[in-house]
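Shared between the two complexes below is chain A, which pairs with chain B and chain C, respectively.
The block that comes next holds the complex of A and B.
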């Protein structure tokens, strides 16, 4: 029998680590398109970055089904999420409360995720999306709640069709999914309420 | 002050905080929509701000500076006890100065000072549903919000006008958020309603007994309902504050004797204090 690989640690201080991460995520979602600095968990298993891991450990628990999109559906990440959060993994994206994905890799069809219903639009999925950076991608102009006038946003390595899908997502408001984009050292929010001009 | 180590940081357990944090994020993503949450029993009775306390406990960190006001005052029972509660369970610094606070929990007022982007305003909410007194059934009000069917509230305001000649609603004045959801701004005087519109700070609302959380993100459009021929108006006084002389603040009427004597003073005690210092200089 082979030795199990060592389990990577979570937050050094779980209470304060989660609180600081939550405030960064809250700030990010309150001001769409403005990256908020977040140190994250350095020891996160590859290919999960430090901020993606921190967001997951802050928001997930046994009440939230999580879908790990390839290449994150590997044993190391599954065990990491299971041990630190207790969140059950689901095999269908449409059943997930949280989807964890990397921007340019097998992202599930956003329009097939849980959107909530007219009476309860909050019963929808949240997508934690790992991105390369917040400056090298296609530039879009955001407006809506949380934005004074307009906000330029250009996260790197998103799929070519991402913005089209994101606009369709916004068109369903108040239904829809919310994105928390996790870069190397910061997070940015893209809630369903944000309108996007390409 | 050293915090009481027998409790988790900020009293709530981590699982509860996560549940509330998820609800807050949904609330921010759908401005004005009431997100149901599993409100906990708190060591204070319902009606004392258990919703606001749970929201504050879920956002509060070690480095935050907390201010708590009740009807604008820092020195009333509710404000003092909630401030002491977080001093004891979270060990955070507290203040009465609006400008120094990073998190402000409030009951029934919005501070007179303009809030900044790095501040969070947490409201205590008794009845989160603006349509509740017009339609008691939750299933019905849910449907009304889903269909954006708000005609009933306009009828109510119209009946005000036909009976009194003006809109007689003076507090908990309904607003339309981001041109979508109708929202109860909590029982703040309608004097404060214009401050909600495009406020730079994030506004979170917690209703403990009714188990709802809702939010207004920064810079969001908040429109107080009105009619073209009866535009929204705020209260005005023909007096200035008897203590500091401010003419732009919300005034409380204080009865001073049993012969009809009265005075008007600022409801925002911090604002009043600073006005006094300014006058002294």
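The block that comes next holds the complex of A and C.
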């Protein structure tokens, strides 16, 4: 009998793992730009990092279409997401409720993603973005809800055009998409409500 | 996986799922050198909607929800074993998933079939026959007497 291909485990303790991750993501979105420590799933398939996998397994379910940007659009990651969350993958970024991407790779056009509508701005896409770290990139100043005055933010290896796009995304508020940046050991939030000064 | 292989697997997964929890526990405990394994999905229970079709061919309708426990194990060589059993029975699901993984090992298939699946199947057949015999005792035959159509 043919053996099923390799599949890695999810959370060791599904309930506690998902709750801790959810709390970290919630804190991250409440205080944009401040990385929140998160241990994540060590056994996540490459090139998904531990925190990216943890966020995906916590937030996705069978009702959320997910778009996997290259190089994540491989069988190992698809199977992992499908097995642990039941989320269907979609082939067009514009149809996705969640987009999972790596910062320096083929990120889909952010401005083409679901933004929600005036009546239901919550029906928008959320982008889970794997980044190298939270200190080596271009420095920007964040302000807005959840930030007392300003917050310095410098996630590593983002595309050159990312901050321009992120500012255009903020300009569409209350519509737009929210970002959850997943570093090696922490996550940081960049909701659409945050204004960005380069 | 060919159709025949799928059918074999469907059959043993069904037998494992319908087995008495205590019998399965005894039979699995009697096996030698169980492989190292970890859980890809720890036993978890939830609800599934059971759907049916009137007369087997009508429109699909929701019959009702039932509790199901599912589990997936991975043995040391990477083989995956799955199990879905009725009710809230985490230990049963874990043992059934491990047995499913073992049955996929060519070297152990015959042994496991002989020592676990065949006894469980016999038990199930016996259980069915008892049940059928019990209900046969209470059978009522309805028949209609001739009511003078020939007059």
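Here, the second predicted complex is superposed on the first by the 194 of 198 C-alpha atoms of A that agree within 3 Å, B and C clash if a C-alpha of one lies under 4 Å from a C-alpha of the other, contacts with A are read in each partner's own complex, and residues count from 1 in each chain.
Simple rule for what comes next: contacts are C-beta pairs under 8 Å (C-beta built on N, C-alpha and C of every residue); 3 or more make two chains touch, one makes a residue touch a chain.
Owing to the predicted nature of the structure, the values given are computational and were not obtained by experimental measurement.
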Touching A:70, do we find chain B (first), chain C (second), both, or neither?
neither
Of the partners chain B and chain C, which touch A:135 in the superposed model: first, second, both, neither?
neither
Between chain B (first) and chain C (second), which, if any, makes contact with A:37: first, second, both or neither?
neither
Going by the contact rule set out at the top, does A:14 touch chain B (first), chain C (second), both, or neither?
both
For A:83, select first, second, both or neither according to whether it touches chain B, chain C, the two together, or no partner.
second
Looking at A:161, would you say it contacts chain B, chain C, both, or neither? Reply first, second, both or neither.
neither
Is chain A touched at more residues by chain B or by chain C?
B
Identify the overlap between the chain B-contacting and the chain C-contacting residues of chain A.
14
Applying the document's contact rule, which stretches of chain A touch chain B when the two form their complex?
14-16, 18-20, 22-23, 25-27, 29-31, 58-61, 63-64, 118-122, 124, 126, 144-148, 173-174, 178, 191-193
Would you mind writing out the residues of chain B in touch with chain A in their complex?
8-9, 14-15, 17-19, 21-31, 33, 35-36, 58-62, 117, 142-143, 145-147, 178, 180-181, 198, 202, 216-221
Given the complex with chain C, which residues does chain A contribute to the contact?
1-4, 6-10, 14, 83-84
Residue ranges of chain C in contact with chain A within the complex:
1, 5, 9, 38-42, 44, 72, 74, 78-80, 104, 106
